[in-house]
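Chains here go by letter, A, B, C and D, matching the order in which they are written, and residues are numbered from 1 within each.
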């Protein structure tokens, strides 16, 4: 059992009981503060420096070849604590010849920004590194519908992430090596 | 000329305030009208060249006494409206008497109108107790002719303070009967 | 600034105010308001005193008014203290509730 | 008759001038409050408002903007054009009357506050610049400022809601408690000034004349100055004693139910009180418009000297107003019972003892 040490409060001296010395030291402290540099950020004019690992608005990103990375595995939808993500899976249309070797892409990908808590689990769980929390910190809108971000909006916000993986190229190369040509099913562990 | 205007204006206001005090149902209203009457009275003092007294009137009556009244009205925050009807006989009698007094006085007005003596601002050594506008005469009078009364008044204020504190005490003085209430 | 106003005007106003105060004391049932009306009567007397002092060129009336104001302040303090004590006991400040005899 | 009429018009003109001046000062005191509080807290304060033409002057415009000098105009316009709300539960007549009652005494006190001196070239005695050079100056100031509490009490009562009500009750009790100490703290000053053989009286300008060597009364009577200052803080409901509107326990105190222009009136009244209070403190204890201690007044003869003396006095007043603001953003609020204990238990005996001491000293020194 921890021993509690009882601190006796010292009786106030006469000068302290008049409050005046304390008031004067307090006044001096605040007076010194008058001339200290101001710490306020002039927000709309000055922007705060965002740290690299800042968790802002979750967005979908494309690879340097402007191709969709998400394969609609729905892991993020599963892991999302506030259930802000809703994915409608879909197949990739056959016209996109350069990545028809992947079976899936999200038909619709919605994040409800009013529910999102910016925890970053979706980014952490994504096997394709397709979803990223970016440095957008002042998100707003006039209606609830505006805050319901669909796929286009998410890609618009996310843009291209210059990663060095070139996943689709690697996948295609792997697929071509095996000789499967365009459509590949089992070559997924290429990371 | 100016004084006359001031006199009629503020005596009307004062009488209006006074009657409103008597007639108003709400005590807070009554207190406000009372303040009106007191401040108007202070202005009447001004027309009589009693500047010190006018300031004193506002300071003590309007400033302190009426604040006390308002404080008590608010503290006893109950429905203070009158419940019983006033005594009609008394009212009639009072009105008749008032009317008679006023009528008698009004017959006097203007007869043998008194001329005001002119006043200086500082008391002269010859007649230190003459009516003057300055406040020095006040101090002089209080500390010479009225030395005893001012001591008595001071003592009276002390007694009043002690009395008010004693009366306002919440706890009963006899503690043997145990605590009752709070 | 020699006075066109005579002393009678002041006396009339003072006496009317006094009568109003008196009427209030007679008619009202609320002790608070009775106290206020008493103050009105005192003030009427003060006005008359100051008028007399002014027209007689003498300081005495003004000094008397000064004492009247002092006494009135003391009176109100005590009166209100009594009132509060009374209210604590009876839960009422109406005269008819404070009447113990002849009920 | 004609001359009298002209004098009357002149007085009205001066009165309006003084009102405009005090209202402007009050508006800028609000700005000063916001700026000083911001600087003390390491913030920048209001720096956004700007005027179309003045704000566009190359260097000066942005500088004025960053000082927030246009903010009071915007605030005033906001108070004017906001919707006048009237809550349903209030006592309508008194609710509307209260802000007016709060403002009138704060402004009318101005009539007896001298603000400078005029020295005629004939070598006569300097004339104090004051709207009404009354013999009873300080008494009238006390009398009028004691009326200011009715606005607050009435606002609290008429709002018909519990927090404003508590604020109003507190205001009345606090007013009575500190007025006594205030009056007693000023008495030694006048005791000291009115030596035997002088004209006598309670004129403020005479107190300033007494301090014409530049040494303020504060060096002669520091305890009076302290008691007066503390009572002044309490009477103008400024922060260590702002019981009527202590926003942490009473929401907004007496003006909880007020908004728009009516709130603006309360606001103006508070700052007018602060400025007039600072002016009176400067007159009584800081030497008024007289120059630094031991230095002869450098004001030239004539109106330019009068203007300079006014500016010097205004500087002292603003310094005191700054003290008001500075203290507000330094000290925490007292508890209500502490305020009462301070008023009756500490300040009143201190003021009484002080008065006694100076009475004995005055009679001993003859």
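The rule is short, and it goes like this: a contact is a pair of C-beta atoms (placed from the backbone, for glycine too) under 8 Å apart; a residue touches a chain by one contact, two chains touch by 3 or more.
Everything numeric here is computed off the predicted structure, so don't read it as measured data.
**Student:** Centre to centre, using CA atoms, which chain is the farthest one from chain C?
**Tutor:** Using the mean of the C-alpha atoms as each chain's centre, the farthest one from chain C is A.
**Student:** Could you state the distance in Å from the CA-based centre of chain A to that of chain B?
**Tutor:** So the centroids are 75 Å from each other.
**Student:** Averaged over CA atoms, how far is the centre of chain C from the centre of chain D? Could you give it in whole Å?
**Tutor:** It comes to 34 Å between the two C-alpha centres.
**Student:** How many angstrom lie between the centres of chain B and chain C, each centre taken as the mean Cα position?
**Tutor:** Their C-alpha centroids are separated by 6 Å.
**Student:** Draw the chains as points, connect those that touch, then say whether the picture is a line, ring, star, complete or other.
**Tutor:** Chain contacts: open path, no cycle.
**Student:** For the complex, which residues does chain C have touching chain B?
**Tutor:** Listed in rising order, the residues are 1-13, 15-17, 19-24, 26-30, 32-33, 35-37, 39-40, 43, 46-47, 50-51, 53-60, 62-63, 65-67, 69-78, 80-85, 87-88, 91, 93-94, 96.
**Student:** Flag every residue of chain D that touches chain B in the complex, lowest number first.
**Tutor:** Touch residues, chain D against chain B: 94, 134-136, 139-140, 142-144, 146-147, 149-150, 153-154, 156-157, 165, 168-169, 172-173, 175-176, 179, 199-202.
**Student:** Where on chain D is chain A touching in the complex?
**Tutor:** Touching chain A from chain D are residues 36, 38-44, 326-327, 329-331.
**Student:** Quick one: in the complex, what on chain A touches chain D?
**Tutor:** 23, 26-27, 29-31, 33-40, 42
**Student:** Show me the residue ranges of chain B that touch chain C in the complex, using the header's touch definition.
**Tutor:** 1, 3-4, 7, 11, 14-15, 18-19, 21-22, 27, 30-31, 34, 37-38, 41, 44-45, 47-50, 52-53, 56-57, 60-61, 64-65, 68-69, 72-73, 75-76, 78, 80, 82-84, 86-87, 90-91, 94-95, 97-98, 101-102, 105-106, 108-111, 113-119, 129-132, 137-138, 141-142, 145-146, 149-150, 153, 156-157, 159-161, 163-165, 167-168, 170
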